[in-house]
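Across the two complexes that follow, chain A remains constant while its partner is chain B and subsequently chain C.
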Partner chain A sequence: MSETKADAAIDITDVVCPITFVKVKVALEDLADGQTLAVHLNDGEPIENVPRSLKDEGHKVLSVDRQADGSYTLVVEKGGRA
Partner chain B sequence: MAVDYKELKKGGFMRQKQKDCFSMRLKSVGGHFTAQQLGTVQQVAEQYGKGYVHLTSRQGIEIPYIRLQDIDEVKAALKRGGVEVGVCGPRVRTITACQGAATCPSGLIDTVKLAREFDRRYGGRELPHKFKFGFTGCHNNCLKAEENDLGVKGGVQPKWQAADCMYCGVCEAVCPEQAIRVDKQARSLAFDQAACVYCGKCIKSCPTDAWTGEHGFVISFGGLYGNRIAIGRHFLPIVFDEAKVYDIVDVTLKFFEENAKPSERFAHCLDRVGWDVFEKKVEEVL
Partner chain C sequence: MSSLTNEQLERYSRHIILQQVGGKGQEKLLGSKVLVIGTGGLGAPATMYLAAAGVGTLGLVDYDVVDLSNLQRQIIHQTPDVGRPKVDSGRETIAAMNPDVEVHTYNERVTAANIRDIIRDQDYDFIIDGTDNFPAKFLINDACVLEQKPFVHAGIIRFEGQLMTYVPGAGPCYRCVFQTMPPKDAVPTCRQAGILGVMGGIIGTLQATEALKYLLGIGELLTGYLLTYDALTMKFRKVKIPRNPHCAICGEQPTITELIDYEQPACDLRKH
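Presenting the complex of A and B:
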């Protein structure tokens, strides 16, 4: 598995939209611009919506990897598109 | 004098069970009413109806319990307040729309503006049977385009630029149709254009804007959601030119006029006459 080493990690597989993105936003608040966050999220609505919301708010997704169980691990750089 | 119910129905007056009472349909385009129009509606419902309105399944307003003898007075009161009466019967019916690109973050086309233009061009046009147009801004399909005789859905045809791509894999993950395959190790990407549904999720998610695209119109034909249920069919590629959309609608309405029996819905007409015959006619104007 080629996972980028992130500065922080969050699991949002236990919540549904829109709480998924709210939790990601809160986690990003603890980071400085340029730092990275690994997000573990479910297939379906979360993977369809969270990357778009991150882009809309100026963050940059660096990688997305599908796990054996069908969930995803996404690494995002805070403010990477600002 | 005998009451001409057919003429009243044409003018949006729906006969009630109760003697000489009508549910009065108001004109709605894309479900937008101004606050001022609503004030007029309130006044009429209180003065001439029973103080309530009914919101219809197609974004319209009806004011029930309007009495036959008040009809002319009610029409005049509505007109003064900027409200028009709707239509019913065998003609182009209320044109529906979601809020679209003007306000919705997901919207790809300006549905409300389109609905108004369609109303200007086709509103109330006499046809063999009712004919419904609906506009939805994107693939999420909040307005259910395929329920309509002719539905228009906003879409975007994605284009990928290798130079800007960092092969993160987000587009593959967000694509609902598995039309994109990213090989991170080999730094390559495969896009199956035929599987694309023009939803634009790849474009909206791409962190480097390697995916871009042109917005257009995805048109469906022959939808029904009444006694019989039929899902509007797609046989055209996405259309980018708005003028071309009107060419397609013109040929569609002409086909319906020339081929449908009285009181035959568009879907039934297509099933009887042949979808292939219709498809050929539409393809002539592409």
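Presenting the complex of A and C:
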């Protein structure tokens, strides 16, 4: 249950790309470097794009877990570059 | 917590995705105030892009009414606006484009008597010189130096344009480069010389770019540089310009300590 360990959580299953990443990015801006964010996201475009965009901005994706309903939960650690 | 609404996250998503902007940068823009003096060839596109970008407060200064001959380049005004004050048609275009933007209009010519009050009215963060005549350009420069406000100068004629950015204490002002006005009739006005309609779009959009970079605190501004553009040869030239320690307004011992109205006639000076 990685999301219980995260410092904050966000659900982006109700939006499509690129708003998915936009919401995660804005949520990360409220955290300090090294803090973690749990992200609930859909299969398909979101799971293909969001982790890659996070890495591009210098964040560290700690885990990606597939849920029973086919959605995903990923935990990202805020990187110093963003 | 971010103050951006879901609608704003979507509207400004292409900004927020940029690493140099992000949600915080967009919030900065929404909290920023830019004054655009002149809503003509330069001011029209500059204003429209700043409004679209979500600069939260825009001031528009223009004493003129929309003329049919303006529509070839002043894209903030539409055909049914002919005869209406430019600031009114500008306000409506912005309102239709982006309800996040608060617009303040000043339906008057900038003069030595009113320009500092207009700048102070909303304590604008940045000023865009979109005027078409030398008296106004020197007045804006001197007012911005006295008020310690950054501004971007620009001028366009025929197929050519130029711009430079003044930031207090960071580089030369317009008067450091052009000490005094050229003599009457030495430089043709756009009415006499003509202008390719897109010139305002190119140079005015560069002015808006300088404003956005200044407000966001990113990149390098045209402080200490004059950028010139020739549309016929497609040449941009970035010329380094030094600060003039003897400048009459921003030099070490300024001789101009208050504003006066200069006398050269304006391009659009018209008998009403």
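By our rule, the second predicted complex is superposed on the first by the 75 of 82 C-alpha atoms of A that agree within 3 Å, B and C clash if a C-alpha of one lies under 4 Å from a C-alpha of the other, contacts with A are read in each partner's own complex, and residues count from 1 in each chain.
Here, a residue touches a chain if its C-beta (ideal position, glycine included) is under 8 Å from a C-beta of that chain, and two chains touch if they have at least 3 such contacts.
Remember, predicted model here, so these are calculated numbers, not experimental data.
**Student:** Under the stated touch criterion, which partner chain does A:L74 make contact with: chain B (first), chain C (second), both, or neither?
**Tutor:** So A:L74 only meets chain B here.
**Student:** One more residue to check, A:P46. First (chain B), second (chain C), both or neither?
**Tutor:** neither
**Student:** With both complexes overlaid on chain A, does A:K55 touch chain B (first), chain C (second), both or neither?
**Tutor:** first
**Student:** Between chain B (first) and chain C (second), which does A:V64 come into contact with in this model arrangement: first, second, both, or neither?
**Tutor:** Once the two structures are laid over each other on A, A:V64 reaches chain B alone.
**Student:** Tell me which partner A:K25 touches in the superposition: chain B (first), chain C (second), both or neither.
**Tutor:** The second partner, chain C, only.
**Student:** Note which residues of chain B are touching chain A in the complex, please.
**Tutor:** Per the stated touch rule, the residues are 105, 166, 168-170, 172-174, 176, 184-185, 201, 204-208.
**Student:** Can you list the residues on chain A that touch chain B in the complex?
**Tutor:** Going by the criterion above, the answer is residues 2, 47-48, 51-52, 54-56, 60-66, 72, 74, 80-81.
**Student:** Where on chain C does chain A make contact in their complex?
**Tutor:** The touching residues are 1-2, 4, 9-10, 13-14, 16-17, 19, 22-24.
**Student:** Please name which positions on chain A make contact with chain C in the complex.
**Tutor:** 18-19, 21-23, 25-27, 29-30, 53, 57, 82
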